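First chain A sits with chain B, and in the next complex the same chain sits with chain C.
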Partner chain A sequence: MSAPMPFLLQVENLGKYYPLRGGFFNRPIGVIKAVDGVSFAIREGSSFGLVGESGSGKSTIARCLLRLEEPSFGRIIFEGADLLKLPAEELRRRRADMQIVFQDPFASLNPRLTVRDIIGEPLVIHTPLRGEALSARVVELLEMVGLGRQYLYRFPHEFSGGQRQRIGIARAIALNPKLIILDEPTSALDVSVQAQILNLLDELQRRLRLTYLFISHDLGVIRYICDRVALIYRGKIVEEDETERIFTAPTAEYTRTLLAAMPIPDPDYSPYRS
Partner chain B sequence: MMPTSDHPLLDIRDLYLDIQVFEGTLHVLNGVNLRLARGQVMGLVGETGCGKTLTGLSVSRLVATPPGRYPRGEIWFDGRNVMTLSEAEMLKLRGRRIAMIFQDPATNLNPVFRISEQMIDVALHIAETSDDGGFLGRRLSARGRRQAARRRAIALLEHVGIEDAAHRIDGYPHEFSGGMRQRVLIAMALLGQPQLLIADEPTTALDVSVQAQILRLLYALVKEYHLSVLLITHNLGVVAQVCDEVAVMYAGNVVECGSAHRVFKSPAHPYTRGLLRSIPTPQTRRGELMGVPGNIPNLIQPPPGCRFEPRCPHAMPICRTAFPSAVALQADHQVACYLYGEGRP
Partner chain C sequence: MTATSAVTSMGPLAHWRERNQSRFENWRRGFYRFRQSTLSLVGLGITLFIFLVAVTGPLWVPYPEDAAGAVHVKERFQPPTLAHPFGTDELGRDIFTLVVIGARVSLAVGVIVLLSAVTIGVLLGAIAGFFGGLVNEVIMRLTDIFLTVPSLILAIAVAAALGPSVLNMMLAISLVWWPGYCRLVQAEVASRKQDLYVQAARAAGASQRRIIFTHILPNITSPIIVKASLDMGFAILTAAALGFVGVGARPPTPEWGLMFSAARSYVPQYWWYPIFPGLALFLTVFGFNLLGDGLRDVLDPRAKR
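After this line comes the complex of A and B, so read on.
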């Protein structure tokens, strides 16, 4: 056995509270504890799963890690440096090391941008690549995700869901990041397309030595792709362990409930039929 | 395909549907065959764009023509071909004997009206256009009719598990969680005392635990009312749990159908096999998920013959000639593929 890989990311007691407004003057009348003291750590080159029902705080954690949102409290240590204490310039450089893939990466993008512009955008912001050199790098990225040069000048609406997700992944790996946060990357896809994307993610992880934070509510997918899993309920982690242990010997009541509700594609395991 | 009972409630025969779009004509349904017996739950599965929703909408004759056009096909519901019925006759089936829960949430509930107003309107409309006055009978005042409709709506909401229905019924759709809204939709579907419920992706937007509650409810109602359900979904886990039968669609055709047990335990069509191999199981090792390589075909110029041919690992020259007709592998298992039966080279 080789020594365990070092931690790439350590999250300590992370919290994000939102003001809850209401009443006659729409004043703050309380707080929504979207994330409430969450701690976990991800080793380099591994895949860490975050599972929980809708509204449990998964995406809020992702946004805090990327500093798209200011955490209310806690520490985020990335490669040994506390991200919340870094000077702005240093943070900007580190930001390239952490990327995200959304459920539908195109939903938030300008429909008039070509694939070259979409994938090239982070390169333009963070590197001196322009013109032909930029196109060449974009083609290289397209090929890495199983697409080709012929897609360079196409527009978002010309792509299927699976192809869009490939483009979202190409954009995320453009700057050779260390960590990729995948927020429900296959929830909008058919199982057959999901299988293609999961295979692609697996291949890229090994090829580029990527670390994944994989957010999903599909326990089957999480079991397949993740080394460790944390279950989150109402902003708190209720259980965290190696994937196999979570699935074979869950300790938290919430984990057991989720596992029991997961529909197994085998008619012999129906909880409804007697 | 082979009959699964003598008089199926729903019998779709060789249904073709074209849709005119800017770029040309989409050949979206390509000879769909499907039979659903009384009291049975059938899962209609297949990847996005294969025609599940349009098949369901066709049964209620809710596809606008134009841009839609039916070159061929029959849809028999309880002994009548709905393709030949007038709109007036359809009104007596749709929302009553055939109820639908639509995939598009905006079609289901109007956000600006209270649940009570929407349910009472539907209930009154059903009763007033029924030959015998429906649950209202004949001699009620306008006020009495509304009260009777409201009582009926509340009773159904309670029946589907909405607590404190007498008060909740006056809420607006946004005041209900996703799972509660699905319960409301099921209650609304039951207002017409349907024989057939077409439920299009009813649990897709829900968390697994809420999904499990809705499936439990559906399953109980099927048993109680002897309902037939066409459950449209792409979640094979859901199908395995609640469906008696499965029909697998690919690019406008039902390529395999039969009892859930047969289709899941011994899938025959190469597409069904690929679909089932795409789901990660606890035994699947990382990097060994099979999937179905390739993409769905263009429906303006679909492949001739078997539409799965460009992606099929077993494709043969004959597969490009004509769409293979269905053969029965068992009494409760049919497949449309040249690897089987008489089409076999």
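After this line comes the complex of A and C, so read on.
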């Protein structure tokens, strides 16, 4: 590869403050700075890791990027357009290009819908596909994530955690998005299942030329997936660099603490090895 | 083999069966859990029986003209016999006929009251829970005002103000019945709104209508159904109470509460007069309560008492 790929997503000085209420009449008595001036940029086709302890603001960033939450300030430039300035209809269309896989596969699938309706929902919203054509596309997606057409009309409760996460991934890739935000997609799963899901994500990324924003508090997972990593602490990025540099020559004190707390990585262990 | 051929290569019946297999399996499992409890089955049996009686009653009651207000003075206060299994009243009408036809009145009132209360409650509750903010405050404070007034007294007051008739009675009871559903639905919607699958739908660009009707409402039907089946008995009881105090159904409508009230002055001598409408009322309320409890165990296992 010669010239570096262009940026797909640029986040500039993003912030999200929540009012902290309490006392009499639930008055605002302060603010929680969940995200406090975060900037980073992700190149097309790369995997960008966001690491931080619980409560550091990772999911809040994800929700702001998806506009599930209005950021308090900052800019989000996606495919060259400022998401926070787009009119509603244009934003709805752009949403097709940015999808998310949630951490908890037990809560992220509507228990009343069949797999066809769950995976088919983004297609129904954004495309004219219906009926048989929709089923066919859903079957195609199921096969891409290692499930078969026999699951088409099953309900979420009939699946294991790993299978549910595959369904969540199928839903995320249904519209051929450019960017997928993975909010701790494996942390609710058994270790052996984690490896399978990571393999699947890796395979899909190459096949569909996806860009990943991979959120985790597990540095081991990040190391295998990501090209670049940002470490976030209390809503602020404390260090950002290429993955190998972070692991071999961390500069921030916080990074060193995190690395020290990590279990010794087994050099022979790779989730990509079958 | 391509996906398309796999989907279309089946006959329509096989396709339909495949599509619904899991749904049937869910129902089968739910029915199994319901069957585990004898009391729920008894409740189901009683309510089915009462519905059957109410629907088919006019076809087989022995004296259909009595329910329409016929008077047979010579037959007054006959004790239960084969000709009049529940005896006759002060106008010589067959109490068995009146009780059977009375089931139609009571069930109709119960069903209509609950339908309107659930409709209003779900609508207002969903709006309050989904949009929050000022709308929520206004709707919920209104609901609270209704809930602080004892419902029976409010219903009596409203019915008295409107004048006694079955229609006004239904209006009055519906008016005091919706706030319970409004509060239930508001709380459920507000908490479902935070659920991850709703966030997922929003991230996929789903419209508000789609989020409410596809993702939120289907996931809160269970508590609504459970509450409605438990409430059905109480709504019927309230209707009878209004009839009893004279602000509900009017004679000659064969309404249980009204009959019970008319019978007051003739006990204990003519004991059969109040006993049978009273028993019918008791059986109905009892049946719906058992059914509601059973449904709760099936649909809403977490809320078990």
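The rule we apply is simple: the second predicted complex is superposed on the first by the 259 of 274 C-alpha atoms of A that agree within 3 Å, B and C clash if a C-alpha of one lies under 4 Å from a C-alpha of the other, contacts with A are read in each partner's own complex, and residues count from 1 in each chain.
Methods note: contacts are C-beta pairs under 8 Å (C-beta built on N, C-alpha and C of every residue); 3 or more make two chains touch, one makes a residue touch a chain.
From a predicted model like this one, the values you see are computed outputs, not experimental measurements.
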Chain C versus chain B on the shared chain A, clash or fit after superposition: fit
Touched partner set for A:Val139, first chain B, second chain C, both or neither: second
First (chain B), second (chain C), both or neither touched by A:Tyr17: neither
Partner chain in contact with A:Phe7 - chain B first, chain C second, else both or neither: neither
Where the C-alpha centre of chain A sits as vertex, the angle toward chain B and chain C in the overlay (nearest 10 degrees): 80
Which of chain B and chain C A:Phe73 touches, first, second, both or neither: neither
Contacts of A:Gly161 with chain B and chain C, given as first, second, both or neither: first
Contacts of A:Glu203 with chain B and chain C, given as first, second, both or neither: first
Chain B versus chain C as contact partner of A:Val193, first or second or both or neither: first
After fitting on chain A: smallest Cα gap, chain B-chain C, Å: 9
Chain B - residues contacting chain A, complex: 47-48, 178, 207-212, 215-216, 219, 234-242, 260-261, 264-265, 274-282, 284, 286-287, 289-293, 295-296
Touching residues (chain side chain A, partner chain C) in the complex: 63, 66, 68, 92, 95-96, 99-100, 102, 104, 107-114, 121-122, 125-126, 132, 135-137, 139-140, 143, 149, 152-155, 158, 168, 171
Contacting residues of chain C [partner chain A, same complex]: 2-4, 6-8, 18-23, 26, 195-197, 199-207, 210, 214-215, 218-219
Contact set on chain A toward chain B in their complex: 53-54, 160-163, 190-196, 198-199, 202-203, 217, 219-221, 223-225, 247, 257-258, 260-267, 269-273
